[in-house]
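Chain nomenclature is as follows: A, B and C, assigned in order of appearance, with residue numbering initiated at 1 for each chain independently.
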Amino acid sequence: MKTLLISSVLLLTCSIGEPLFAQQLHQVIDAQIVAATNKPIAPPSTDSEFVRRIYLDLVGQIPTAQEAEQFINDSSRAKRQTLIDKLLQDERYSRRMSEAFNVMLMERRGEDPDWQAFLSHSFQDNIAWDQMVSSMVFPDEQNEQTRGSAYFLTKRLEKYGQNPTDFPGLARDIGRMFLGMDLACAQCHDHLFIDDYKQADFQGLFAFINNSFIRRDTDYPAIGMKPVKAKLAFNSVFEEGEFSTGPKLPGLDEIPIPEFVTGEEFATPPNKETKAPGIPKFNPLKFLAEQLPTQANESFNLNAANRIWFLMMGRGIVHPLDLHHSDNPASHPELLQLMAEEFAAHDYDIKWLVREIALSATYQRTSVVTAGLEDAKPREYRLFHEKPMSAEQLMWSMLTATGHLQHIPDTTNTATSQTDDEQDQLSLGLDDIRADFLAAFANPPREPETEFAPSVRGALFVLNGPRVLDWLESRPDNLTAKLETLEAGFATPLYLAVLSRKPTQDEAYKFNQYIESNPDKSSAVKQAIWALLASNEFAINH
Amino acid sequence: MNNVQYKPVAAPSTDRQLFNAKFSHDGKLLIAGSYQGDLRRFELTEDEPTELTPFGNHHGWVQAFALHPTENILVSGDSWGKLQAHDYTQENPMPLWSLEDAHDGWIRSVAFSNTGDWFATCGMDQVVRIFQTKNGKLRHELQGHNADVYHVLIHPHDDSVVSADALGNIIHWDMKKNRPKRQFDASETFLAHRLQDVGGVQCMTWSPDGTTLLAGGTRPKNGATVQGIPILIGFSWETTERTFLKELGATSDCYCEDVAYHPQGFLMAVTSGTPGTGKLQFLDSQKPDSAEPLFLLSNLSNCHSLDVHPDGEMIAVTTTVRGSNGNGRKVDADGNYIGNTSPIQLLTPDTPME
Amino acid sequence: MTQTPNNSERHPLCNTAEHVLTRRQLLGGGAAGMIGLGGLGGLVNPLFAEEMKSKEKQVLFIWIDGGMSQLESWDPKPNTQFGGPFRSIPTTIPGIHVSELMPKTSQIMHKLAVDRGVSTFDNSHSAGVPRINRGDPKDRGVIYPYFGSAVANLMGPGDSGLPPYVWVKPGSGGFKYQDAGFLGPKFGALAIGEGEPPPNILLPETLSSTNNADRNTLREFANRQYSQKRPPKFSEAQNFVYDTAQALMQKRSLFDNPDPKDVARYGDTPLGRDMLIGRKMIEAGVRFVKVNSYGWDTHGDNFNAHASLMPRFDQAFTAVVEDLDARGMLDHVLVIAMSEFGRTPRINGHIGRDHWPEAWSIAMTGTGIKQGAIIGSTNDDGTWVTSEPHDIGHFFHTWFNALGIDSEHTEYINDGQPLPIADDDCSPIRELLS
């Protein structure tokens, strides 16, 4: 296990009374969070709270009743760390991370099998973040495993509605996703409110991609590049004069544009037969891949650490995530700085950083408000603040809770004896379910999913939608079937299956009484399951 | 003809925006309707064109006017529905006659019969009317359009009246029964988008032999800031069948605003873009839908009309200045708000290039 | 040689969501800090809140997105340089003319108030739409709510059982929380898209009403258990959407096919359809209804565009005002029709008009408004306002006062920070108030 060497600068600034030599990151996290406040801190979460939360965050779904009960009843001291390490090795970890990063990076623009393959492969093999980013901004077409990464660029170059090809939007998103800077308003002028954001920063980013295009000669996402012949000229709506820039990252030198004799621009000229576009000798994206995801690029490191922290904690240390600048200060700047440096020093190992955060007492605090915590603000991390659940988390969790998941074969496991036809049929089933959940719970395209935004549409889906109601029908081994066979004591298995905890006395009485006294037990079981599936406790990651 | 090249030689302009500049029959005058209730004239001399006294006690826009085929009579209609006749060669032309409410609202187009004894008008009230030239007396009222009638045209051989509307419906009228005789379908120039009816037939002309009717417009993509592909459709006059369809540009090129045959035999069309620039292009009249234009001039701001000088050489293209002070508050040195202008681009043949 | 970037006049990035980055900055801090807002919890004075509950005033807000031309509507300048082709016509108020494109409106002019001296500050849709909708308050580091969210918050949902802010529009429906700004998602708009009820609005036939009642009783029990020990923000928002969903299920008939006679009067157009739903929503007691028309950004072909747009607005607008009037509802319903700005007098090269916040018009009627008040003026060319210019802040004050809210002394409390509900440099326009 690597340990941290805390710099003397940090020692001077963190003033928590004891030296921090050789601490692990999760300990530093806790020390810094505690040091930043003089107000009460919440106690640790209960095992029930923790097991639900860690399953949702690491494998994207609630635990089964058995998994929850087993954990709650486990008396070993290190059981939380053991569970964290187990889930990080679970095959569902890559599914969860693929879903979470897909939402974050694509913001519901659409789905693509090659892009999914890129994400799955990346998280299965724990590919380093810098490498992933390099693949996204300069995809290697020869690598079948990773070339779907081009979708990050190509999808954003697709026209939507009546809008022209949104090159500025792509430049902006490179800034937002990889540097934590939303330079949108700096497109036309230096930013009005944010002194740190300059028009030249935006235009420099823009110059990396404004000659790119979607290739039409491939059946997978692929990006082409026209020869870049000149700098990008731009005007300010506020300042007189013509300005120009070559490709340039904020804070770095402009990349010189080489001159070629006409006809000599291409390393590989366009091929009329295959319709493959020419490959120019100078490709700014190559430079972007070299200069953006680097240890020396502080913004890159801060943004990455902040976004992974957000995934676990529900709020960025800098929040909103794409507004790193001096007027939107970090809640815990030294901590973010340290996490960023350590993340880079650990070769951008996402699993390592996720694990460290999961191990922290900060992550493992209860979300229950007790005395002294009524005024706790999310930016203080004094208790664990509720987080929204993604459409995917809701889907997998409802499938898990109702026991319907077993009726939909795991399509990621291709080693089955099914014929291709059967396989297609079944995966279609899951795709349909996913489409329904996205329609009900996902944000519209291009809206980041970072805030809690429940919708009437989602409520109606749960109230009346045929999908969830169908899963309540009795089927072999599903939750309804299991409860139907019981004579009494319905509440405990019900609560464990849906809310991953045992019921309180009041709750047990209420639900048992309802089912037992109902002449139609089968119907009563369904209403009881539904009530918990539709409850706030289920819909929120707490 | 394959090497025909034109270049702009002058661009007279007035303090008001202009419509549809036309040459007088003797070639000495250039006349256009204005955006503020009058007609403007330029005398074409060896030097720069000189503006003469404006005339016509009109209101609103004077989009519609036509010149008598043989006499110095000009009939003009304005956007408030007023119709007048003038001798346009007078120093201060006074109306020969005047009809305050010839149409209910915007008169869009006027066309003379072959003798000039009568003329046709059309407009926003969805009606086509036929008037006597000498006294402005109404002779026919043709009802059958279900939308604003944008253009009216008279056949060069038999005085057939044809009119086209905002829905892309073109009607050949039965003058005896005052009702439609035949219809030509240019409905792809129309799109209902949100609350808006977009497009319609913007211009029409005949082939010199009268066998082909040409209609121009756009294939609209959207309303509000209208965009679409400018198109020119050819119809067989005999059968009403479509003979060709020519796309004159990209979506940003928008409307085909005018079309005319050049005496040398080629076909000319102008477009006005949104947000593109306007274009003047010459097409092979034998195969107008062939891919490449014979000549393309694409730096003429937005083009709205075309006319050929009687000398068969000079052409006039009414444009409007594209650069917009748009969303800004630009004022001149005295603090006055700045209006737009419509330079009339005069072009003459350049030395052919090999 | 240099390349020219994509330099369209409208910068595609500077759109609503992005230009207001302080909104997003504070959605994190501000919205999270919002605690315990009941329907009226954001007000300083709880007594005032009680008082407001008893006043069942409502708002019908007609949003003409993209910018209606004042010269082709409320403030024609016929036969002038920029006046365009259209005539003006007399109205029921002697001496007052409107464009010939609104003949029906001309006949109800005495029922309306129009301010022709509107002068605002933003000429881009991107910033202009939210700035106008928020009343363009001074920057206090928070994102102000749109007018609908403000009214929903200040006046509460009433007892209709329906959400306080319903947005009837073409395109997608759903819950649009973005309008709410710092007030938090529950004051966002429930959008009805394309006149369609939200999906899944019908209770499944397989579920008896007893079972439905039972399951919801159990759900509410579970929610009480959970919320006892948690900060209220998430639970409240979640309860709100469930309550709203169930209220909508009860009002399914709002989406039934309209009476053909109504369709004929309102016009068989998207705006006619939505205006009719808007009227039904007002009749059903919704506090604030926004009816939205799109497609007015006529940079090209402005005059043909307005020739077909205006009569359709004219028809739907007149029909709804007449209906509300005939039902005696103008006594308690405030009706407003406006865009984010007017259009330039100058006619551009595409025979269009561009964005013009300098001199334009807003129309209104109903509760608290002086009918027949045609105020404000522009010069002969229609280029500048010659009366005292009225910014959007003045209108927010005016409308709040028309609704019985003392806009100069009522404040929001956001996370302990008192915030004026309308720009404190502006004040109500007394000539518009009855």
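Methods note: a residue touches a chain if its C-beta (ideal position, glycine included) is under 8 Å from a C-beta of that chain, and two chains touch if they have at least 3 such contacts.
From a predicted model like this one, the values you see are computed outputs, not experimental measurements.
A count of C-beta contacts for the chain pairs B-C and A-C puts A-C on top.
Closest to the middle of the protein, by Cα centroid, lies chain C.
Chain centres here are Cα means. That of subunit A falls 59 Å from that of subunit B. Distance between chain centres (mean CA atoms), subunit B to subunit C: 42 Å.
Averaging Cα coordinates per chain places subunit A and subunit C 35 Å apart.
Among the residues of subunit C, those in touch with two or more other chains are 8.
Looking at subunit B, one finds that residues 227 touch two or more other chains. The touching residues of subunit B, counted against subunit C in their complex, run 16-17, 35-37, 59-61, 63, 79-80, 105-106, 124, 148, 166, 193-198, 200, 223-227, 254-255, 272-275, 301-302, 319-329, 337-340. Chain contact summary for the complex, subunit C toward subunit B: residues 8-9, 66, 78-87, 100, 123-124, 170, 269-271, 293-301, 304-305, 307-309, 312-313, 344-352, 354-356, 358, 381, 383-384. Every residue of subunit A that touches subunit C in the complex is listed here, in rising order: 163-164, 166-169, 172, 182, 184-185, 187-188, 193-194, 203, 206, 210, 229-235, 242, 244, 315, 319-320, 323, 328, 367-370, 376-379, 385-386, 388, 439, 444, 447, 450-461, 463-466, 469, 504, 506-507, 510-511, 514, 523-524, 526-528, 530-532, 534-537, 539-540, 542.
Residues of subunit C that touch subunit A in their complex: 1-8, 11-14, 17-19, 21-22, 24-25, 27-29, 31-33, 163, 172-175, 177, 185, 190, 198-204, 206-207, 211, 214-219, 221-223, 225-227, 229-231, 233-235, 237-242, 244-246, 248-249.
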